[in-house]
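Here come two complexes built around subunit A, the first alongside subunit B, the second alongside subunit C.
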Partner chain A sequence: MKRYLETGNFAITEGAILAGCRFFAGYPITPATELAEAMSSRLPQEGGIFIQGEDECAALHLCVGAALGGYKAMTATSGPGYILYADPYGWAIGSEIPVVILNSGRVGPVSGITGAPGQGEFYLTRYPTQGGNFETIVLAPNSAQEAMAMTVEAFYLSERFRTPVTVLADQLITDGFEDISVPESDGEMEEMGFRTWPRKINRGPEFYPAMDEIDVPPVVLGHNTGALCSDWTPTEEGYDIEQVQAHHKHAYRLIYKVRNHRSLFNHLYEKNFMDDDPDLVVVSYGTPSRVVNTAVKKARQSGLKVGAVRLINLWPFPDEHFRRKTKYLSVELNWDGQLVREVQRAAPKDSEVHFIGSCGDLPTVTDLIEAFERLLQGQSLARRGWELEEW
Partner chain B sequence: MDNLSKKYLRPRKIPSTACSGCGLGMNHKAVVQAIYDLGLEVEDIVWGTSIGCAGRQTFGTWKGDGFAGTHGRVYAIARGLRLVLPPEKKIILTVGDGDAFGIGLLHLIHSARSNADFTVIVNDNLGYMSTGGQYGWTTPRGSKTDSSPYGMYEQNLMSDGMDVLGVLRNAGATFLARHVSMDGQRAVESIRKGIQNRGFSLIHMVYPCPTNFGSRELGTRDTVKIYNWIKKKAAPLGEEKENTLWATGIYYDASNSRREFSESIHRNIEKIRRTGTI
Partner chain C sequence: MRTEILASGFGGQGVVRLGQILGEAAVKQGYRVTMLKSHGTEMRGGYVRSQLVISKEPIGSPMVENADFFVALSLAAYKAFKHLVTKNGIILYDPAFVVELDNTLPCTQTAIPAKDLAVEKFGRAVFANTIMLGVLAKLVEEFDPKILLESILHIIPKYQEQNEKAFELGCALL
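Take a look at the complex of A and B:
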């Protein structure tokens, strides 16, 4: 194990290389540029390929092309670039190509603020492309070290499910310097819980495995298997076909190959002080969860019955954490409230679900504890809740 | 193309689902003939296709490996694939004019810029015909389509002295040719040369669409009428007449004169890995 004081971008780069990534195509964008830069210096040392696309749409297409040729590939961006992935993201979902995408969230909409953390793409990562009829896998680390682990995990899941996986971080995670341990052997990787999955080559021409089956090697071109790959509704052999029945099978597969194998990643969450059925459960992911954890711990010390659920696997949404009827509070880096809607949907019908958002800044521990107190006393949230106070 | 098709094409997809009388089959045949003439086998080629008549009708016809890309992005996919496939594997893309010269032009130009080794056959039916017939970026001035009911009056890549091949030449392409689908053996020869170039090659091949272009512009789906209409407007380079829209033949041949994209990248990576610098 080697220790570094380094950025999340460094950690993600090393994680990708440990996972076997040997292709990175990027396009400069704050705050993900440093990741592309790190890749440009590290990948050639490992015999890997680094390249810049003419835009983000091309960058992800380049990755998908390389993945089709048998490489583990990755790209990275922020919100304004992520939206340009819509085209290749959908293609990779529909043609079942494994590829990994990092999104370092900044403050939107559009260009917004480049140098501050944001969480505006919670739903965008669920629907990164058009058309529906698919499920996505999204992982949200809250530290540089975990960003490395989740990058490795993203490659693992993308291979097993034959689908793109997004690692949703934010500007503080990718740019911030932290203590990072990089494993140096397979044994150390195992010790740290890093799972890897080799790229396998589909030797048969069949594009289309049965229903919700996983661990099917993805289509790889160039090995004379006669493999066909397209985003059209495929027949069993991979031909395109305009037929509703065939499309039912296709759509079922794209949804249920993920939903029916949730056990593979539903350990990706963290619960703090949840053992005594707290009266208020604070829900968050990414950077705000670190403030939440401190606030909950402090609130506990002063006798408030508060607990915290931190999501690492965002999609498919882990409904199972919200079965209990209690008060919930979602803490997010946006003002419109995104995660909170999903909590409202997953929680029992008459549960109270509240929201605190911020826009370009982080909530403070004091702010949060004050909010906990108000909610536990049955008061509403005046500031930064659903209804913002006038400026 | 019986023998050729037995050797190279999947029985399930041939004959294709193109409209009867469509000229696309002639272009398709010329490509397969060129492959045969070069002595290439099924496993030597990965075949990519785009969206629209040209893409959809040729997808899955090749017996070997193939893919259908998103609209206009197949040039970026092919570049990714080029970087990771062995250099001796040929990549051939059969695409349409809307795909290459409209939505995909940025990616096409960057493929020419990087001199990526693949051969693009742009099958030009003079507009967006699979969506019923709207004008595109090579539609002759004045032509009537469903979105140019008064005649096409926008400047485009083939009007007012413009030539899309000139754009690509300046962007760095190393082999460029133009044909109409009735060019037969001359077209086959250009395609052959394009495939032989280890770099970016593009062959622009105008073909007749009786169903949508012919019926709107000429008022008839008569195959012969649209065939003759196109033929009359084409002439070999150097023999152009006043009404020539498409000067046919090799427009630019700088085959194997510039370092190829993936070769260049791999050479540099190899050097960095060994010495830590380029």
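Take a look at the complex of A and C:
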């Protein structure tokens, strides 16, 4: 194990290489440019390939093509690039092609602010392409170290489910520096809590491991194989066909291959001070959750009965954490409130669900504790942007 | 126990590099470290900021809200963040840029004329940050000056001789 002071971009690159990624295509964008830079130097050292696409759409198409050729492939971008993935993302979902996508959130809409963090793509990562009839898997780490582990996890899940997986980070994770430990063997990976599996790095048809207990067979393309690389609906025999019955089977499979096997990733969450049915549950993901955890710990010390749920697996949304009737507070890096709407949907009908948004900068521990106190005393959150109904 | 260090100034002054050098030295000394950098608006009159947190324990919030040390390298940065410094904290400001002081602050404020010293002794303002790092090496008890110098020389491979001298100059300033 080696220790560094390095950025999340570095950590994610090393995570991808540990997972066996040997192909990266991307288009530079702050705050994910350094990831492309790191890949451009690391991949050739590992016998891999780096390509700069002419834009993000081309970059993800290149990754999808490389994955079909047997490479473990990855791309990375920020919000303004992520929207350009819509077309190849759809191809990868529909044709069941494993690929890993890193989105480092910055302030939007459009180009917004390059060097400040944002969480504006909560719903975009759920619906990264048109058409519906699919389920998406999204993982959101809250530190550089966890981003490394979740990148490995994303490769595992993308292969296991044969679908693209998005790792949703933010500018503070990818651009910020942190002490990072990089494992140097599978044994060290296991000790450090990384996913390991019999992953092969070399390309070839056996690249996708055929696993038991899941209804997703390994990719074999072509007629009479059940899988087809086409934007049209395929039949089970591997022909493309515009027929409603065939489409029902295809769509059912795209949705339920993920929903029926959520046990593979629904352990990806963190709960703090949740054992005594707290009066206020603070919900967050990504870097804000670190501030939340510190604030909740402090609030507990001063006697406030507050708990925290931090989501790592964002999609499919883990409704099971919100079954209890209580007060909820969603803390997000946007002003419009995105995660909060999903909590409102998942929580029992008469639960109180509140929201604190900040834009471009993290909330402070002081702000959060003040909000906890107000909510526990039955007061509203007076500040601008703190209550959904004020907008 | 956590130690919070904030550095802020214009783009190009080496604010991020300064945080990176301090952070790397802390990692070498076995500390847990987070170092957030914010940038992107400096060209439009904003500031660049490094927020460094050092602790023996895993770090929760990476935000600097109660700064023990604040290196202020521009007036805009000084005005934006001076209120984050704790009563026992220290603001190190460069009087070449911070031309107006707020004397109502409860913390200690110490002028470090790093830019002028760098130009005078080494002919270039670029060495100002190494002087500032020398000051921090002596002030922040978590740092071993020898390891901090190693990190400077590792992260900035150029001008090693000048950087070593600038660091020593900083160490002897206070």
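Note that the second predicted complex is superposed on the first by the 350 of 391 C-alpha atoms of A that agree within 3 Å, B and C clash if a C-alpha of one lies under 4 Å from a C-alpha of the other, contacts with A are read in each partner's own complex, and residues count from 1 in each chain.
Here, contacts are C-beta pairs under 8 Å (C-beta built on N, C-alpha and C of every residue); 3 or more make two chains touch, one makes a residue touch a chain.
Please read all numbers here as calculations on a predicted model, not as lab measurements.
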item	value
Which superposed partner A:Ile93 touches (first subunit B, second subunit C, both, neither)	neither
Subunit B versus subunit C as contact partner of A:Thr114, first or second or both or neither	second
More subunit A residues in contact - subunit B or subunit C	B
Subunit B versus subunit C as contact partner of A:Tyr71, first or second or both or neither	first
Partner chain in contact with A:Ala295 - subunit B first, subunit C second, else both or neither	second
Touching partner for A:Thr30 - first (subunit B), second (subunit C), both, neither	second
Subunit B versus subunit C as contact partner of A:Trp232, first or second or both or neither	first
Touched partner set for A:Ala38, first subunit B, second subunit C, both or neither	neither
Subunit B/subunit C common contact set on subunit A	none
Of subunit A, residues touching subunit B in the complex	23, 25, 43-49, 51, 53-55, 57-58, 61-71, 73, 87-88, 90-91, 95, 221-232, 237-240
Subunit A-facing residues of subunit C, complex	19-20, 23-24, 26-27, 31-41, 59-63, 65
Residue numbers on subunit B that touch subunit A, as the complex places them	12-13, 42-43, 46, 56, 59-60, 63-71, 73, 76-86, 89, 106-107, 110, 265-266, 268-270, 272-273, 276
Touching residues on subunit A, where the partner in the complex is subunit C	3-5, 30, 113-116, 143, 172, 175-179, 287, 290-291, 293-295, 297, 361-362, 364-366
